[in-house]
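Just below sit the structures, each encoded as structure tokens.
In the two assemblies presented below, subunit A is common to both, partnered first by subunit B and then by subunit C.
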Partner chain A sequence: MIFMAEVLITPREGVLDTQGKAVEKTLTRLGYKGLSEVRVGKIVRMKIEAAGEKEAIVDLESMCSDLLCNDLVETYNISVKEAGQ
Partner chain B sequence: MKAAVVVFPGSNCDRDVERAIRESLKIKVEMVWHEKEKFDEQPDLVVLPGGYSYGDYLRSGAIAARSPIIKAVREHADRGGLLLGICNGFQILTETKMLPGTLLPNTSLTFICRECYVRVEQTDNKFTSELNNKEVLQFPIAHHEGLFFLPEGELKKLEDSGRVVFRYADPETGKAGAEFAPNGALNGIAGICNEKGNILGLMPHPERATIAHLNGGTDGNRFWDSIARTFTERGTC
Partner chain C sequence: MIFMAEVLITPREGVLDTQGKAVEKTLTRLGYKGLSEVRVGKIVRMKIEAAGEKEAIVDLESMCSDLLCNDLVETYNISVKEAGQ
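Up next is the complex of A and B:
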């Protein structure tokens, strides 16, 4: 089966996110009110072939610990859905 | 004594380091492409140089840390060989987990390239043993991700075990600490070593402070000479 997967990587809570701070400051300067805790992360999107959704997630978790995510300062969230024909 | 400099796609301080080592230590330096799986001759010193390996994609040093040569680099360090990471090389060492922590973007969010002062915080390692404790040296910096970060508990452990080797400092007073870090590095940390003292990572560039008529000064020579003397005393040079 082929799945579309998205890995959302964001800075851990408590880790200084200078990009998030700069974005928050600029949005506030543009007049947007009530903003807090703006965090900037990244998305890694891919097609992945696996026996099932569970197997795809196991592979993606392994990719996160091997390369995609630095668990010291980042956290990740995986979402998977079956690719359409 | 033999030295090797690993070259990654995007390394840009590899030749500066090669020259600094060749002229200070009077030895030939092997330049090793990162796709190789081993060194031609077993080196005593391996350097991971500065630059932008793989364009800093994903995270600084992340992709270089998974290069084929890294297995040989790790084995070299496990045997007690000297392993030095400068700037991007330091970032690569943290990505391999051979050194703790990580380097986050500077608090200013800007690339900082300028003169910089660091204080020698300990001399009980293979790199700074011939320097004076608490002496202040001028090594230039040039980086965008230089904010040394470790969670609080681990940072305390690093400090308590005396593994901070260089700290950003004020040359006038000789004081060192976070307030002198141009990049927001926690506790003003500019360089650290492993427990055995044979792996050192630092953000400033000692290889850029070796030629008098260039603006970087010559304090870097003291650093390279210290490494050279370590080898002379061990009888391997």
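Up next is the complex of A and C:
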């Protein structure tokens, strides 16, 4: 079966997010008010072939620890749905 | 009111996503099979103060065109919910 997968990778709570700080500062300088806690993360979308949803998620978790996510400072969230749904 | 906002910024369909290609190639080299159409985007989360949900979204759209999103090659998707919900 083919699945559409989405992996959200975000900085862990409490970890300094320099990119987020930079975006917050720049937006504030541009005149936007009332912003706080700006955090920047990544999103990886892909099509993945697997025997089932469970197998797809196992594969994706393994990809996260192998390449996509730095587990020390980032967390990830995986969502999967069958393609064509 | 304070809202939690999430902005997903992804490469437009048809636009070459070099980062996505690199991730796809590397994952394939690592032994993962059945991957295709890997796309990498950004996610920006923030707390934002606004009079209402509508006003928050208007502000966020303006931030996207001012700074967060390169409208030529990227699209964005905004979601907002009241903080504490």
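In this section, the second predicted complex is superposed on the first by the 84 of 85 C-alpha atoms of A that agree within 3 Å, B and C clash if a C-alpha of one lies under 4 Å from a C-alpha of the other, contacts with A are read in each partner's own complex, and residues count from 1 in each chain.
Note that in this section contacts are C-beta pairs under 8 Å (C-beta built on N, C-alpha and C of every residue); 3 or more make two chains touch, one makes a residue touch a chain.
What you see is a predicted model, and the numbers here were worked out from it, not measured in a lab.
Visitor: In the overlay, work out which of subunit B or subunit C sits against more residues of subunit A.
Guide: Per-residue touch count on subunit A favours C.
Visitor: Should A:Thr18 be classified as contacting the first partner (subunit B), the second (subunit C), both, or neither?
Guide: A:Thr18: touches subunit B, not subunit C.
Visitor: Looking at the overlay, does A:Leu68 come into contact with subunit B only (first), subunit C only (second), both, or neither?
Guide: Both subunit B and subunit C are touched by A:Leu68.
Visitor: Which holds for A:Val40: it touches subunit B only (first), subunit C only (second), both, or neither?
Guide: So A:Val40 only meets subunit C here.
Visitor: Across the two complexes, what residues of subunit A are contacted by subunit B and by subunit C?
Guide: Overlap of subunit B and subunit C footprints on subunit A: residues 66-68.
Visitor: Can you tell me which positions in subunit C touch subunit A when the two form their complex?
Guide: Going through subunit C, the ones touching subunit A are 2, 8, 10, 20, 23-24, 26-27, 30, 32-50, 59, 62-63, 66-68.
Visitor: Provide the residue numbers of subunit A that touch subunit B in the complex, in ascending order.
Guide: For this pair, the touching residues of subunit A are 14-16, 18-19, 22, 66-68, 70, 72-73.
Visitor: In the complex, go through subunit B and note every residue touching subunit A.
Guide: Going by the criterion above, the answer is residues 58-59, 62-63, 66, 95, 101-102, 104-107, 109, 147, 149-151, 184.
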